[in-house]
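Every chain is named by a letter (A, B and C) in the order it is written, and numbering of its residues begins at 1.
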Amino acid sequence: MTALVVAALSAREVGRRRTALVLVISLPLWFYLVRRDLTGQSLRMLTLGIGWAVSTLTLFVVNASRGVDPRLRLSGASTAAVIGGRLLATTAGGVALAAAYWLLAAVDQGLDRPAAAALMMALTAAVAAPLGGLVAAVLPRELEGALALLSICAVQMLADPAGLVAKLMPFWSGREIGTYAVDATGPEYLWRGLAHGVLTWLICAGGTWSIFAWRLRLPRCPEP
Amino acid sequence: MTAWGVRFEDELRRLGVQPGRARQLADETAQQAAECDAAPDSLFGPAHLYARHLLSELTTRTLPLNGPSGPVRLRLTGVGKRYRRRTVFDGVDLTVRGGEVAAIVGANGCGKSTLLRICAGLTRPSSGRVQRTRRVGFVPQDAGTAGWLTADEHFTLFGAAAGMAPRRARSTGEHLAARLAWRPGRKQLTQHLSGGTRQKLNLVLGELHSPDLLLLDEPYQGFDQGTYLDFWHQVRAWREAGRAVVVVTHLLHDLQHVDQVFDLGALR
Amino acid sequence: MLHGFLDLCLLAMLREKPDYGYGLAQRLATAGVADVPGGTLYPALLRLEQQGLASPSWGPSESGPRRKYYAITDLGRTELAAQVTGWQRFRDGVDTLVAAGARR
């Protein structure tokens, strides 16, 4: 209940920042347009763009509420409700963004395996939200957090997808499922990607929750 | 019981009344409405507001008029704070009871805000012991609000944190705002409010869940003279309602309104 | 204006005879003191009960639900005496001020 109210109001807050919203929504589009001539490349870039946009959005949403959240805790809300609500809002927004770009790609290019392409984008958006949360938890200042996310996305983009470095990056799952969706490979790519995505989500969401549970902890003050 | 009675009883319990006592008060209120041959909401108004009113009336005069002797709401014993090697303060002893207003004074940088955050539980003391009541309202000096939300949305958000339904939270917030002579605009974003009005919002949010202990950090910044008086009037009302209030201040003429003064600067 | 003196009025009426909430409201209105709304009267009565200044008992009514009657206690009489002294001092003070202005 509390988490839903937090999510709804977080969404409303972001929705009012029109310029920022337009920039976040259009960011994946530039990624897509750059290599529009190559279906595989453009889809992978688009997916990475979605991941970058949603994680950065989450970073700012979580950071912007640093003044409010301790007060919500004092009023009686649990850390899970407060932080979960914020992540819920950006996850829902991210999945909606992914759905819109999936439709664009389907109309513009035609997709051989549309369900797999949808999974690739939605999973990336779902992983991106707690990733942004984790970065916000570790690096409480916005500039530092944004630079960290930039580094992560750049490494993900440039690293050899078969190498260890790419696998350690959070958006590797999108790349694997993308290979299944575009290059008509066997289902092992799909399962590998899915497992990586779920694991990454668990690590990021668990990490975010643990750090905030510690930071927003209230001492058990005995009644005087 | 009527729907009004159920809401009334729920609100009493949410405000910390024992279940048995809440049921008894709800029954009596139903019976009072019956003997006046009136519907409860026409006789007493909205259930959640009457619950607050009744509780504050019941605690008001049960306190002796001279000197506070309500239950202890906050007790600091030998509390100190160090950052690395620098000691901000040490050995703070402070006891605040229900129906009492305490002021924390001292020069800039002597740790007044830090001490208040320690009282709230948002900052950990390096030494000493903090005992405080569970129901606490904290009003920070700045921030603590979301610039892109309206006042009503803040009421909904903070109410949800305390387990209040959105509509009830909004009407309670508007009721409390009216006592500070403020009528929140429906569409006005918090970032467009003047500094003084934002502080009023801050105060209402600290009080929304009806805490027993209020911790205020120089809450009157940006207030004009009239609002400043409204504020102290409100503090007096809280005191009479048996709440404990701690105010951080640097204005010496505020001290006429308080029961005890704790000079943090004098410790060193 | 009544706020400070509602307890005084209630205790004085209860010293005359035990009564229930609605009856007290009517007596206040008839005496021309004030129309006290239920949201002010009933909390005050509950508070008097809680402070031990009035003791409740349940009585039947000719029609409708049973009523809660309040009677003044010994503690209530002591409190009333103190409040009456305060009231008389206040009234005399106001009288003096009003009379002083009227003489000019």
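By definition in this document, a residue touches a chain if its C-beta (ideal position, glycine included) is under 8 Å from a C-beta of that chain, and two chains touch if they have at least 3 such contacts.
In this text, all values refer to a predicted model and were calculated from it rather than measured experimentally.
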Query: Quick one: do these chains touch in a line, a ring, a star, all-to-all (complete), or other?
result: line
Statement: Per-chain Cα centroid nearest the overall protein Cα centroid belongs to chain B
Statement: Taking each chain's mean CA coordinate, subunit B and subunit C are separated, in whole Å, by 31
Task: Compute the distance, rounded to whole Å, between the mean C-alpha positions of subunit A and subunit B.
output: 38
- prompt: What whole-Å value do you get for the distance between subunit A and subunit C if each is reduced to the mean of its CA atoms?
  reply: 66
- prompt: In their complex, what parts of subunit B are in touch with subunit A?
  reply: 71-75, 95, 120-122, 124, 130-134, 136-138, 140, 143-146, 148-149, 153, 156-158, 160-163, 166, 189, 205-206, 208-209
Statement: Note: in the complex, subunit B contacts subunit C through residues 25, 28-29, 31-38, 43-45, 50, 53-54, 57-58, 60-62
Message: Touching residues of subunit C toward subunit B in the complex: what are they?
response: 7, 20-22, 25, 37-39, 42-44, 46-47, 50-51, 61, 64-68
Subunit B contact footprint on subunit A (complex, rising order): 1-2, 5-6, 9, 12-14, 16-17, 64-65, 67-68, 70-77, 81-82, 218-219, 221-224
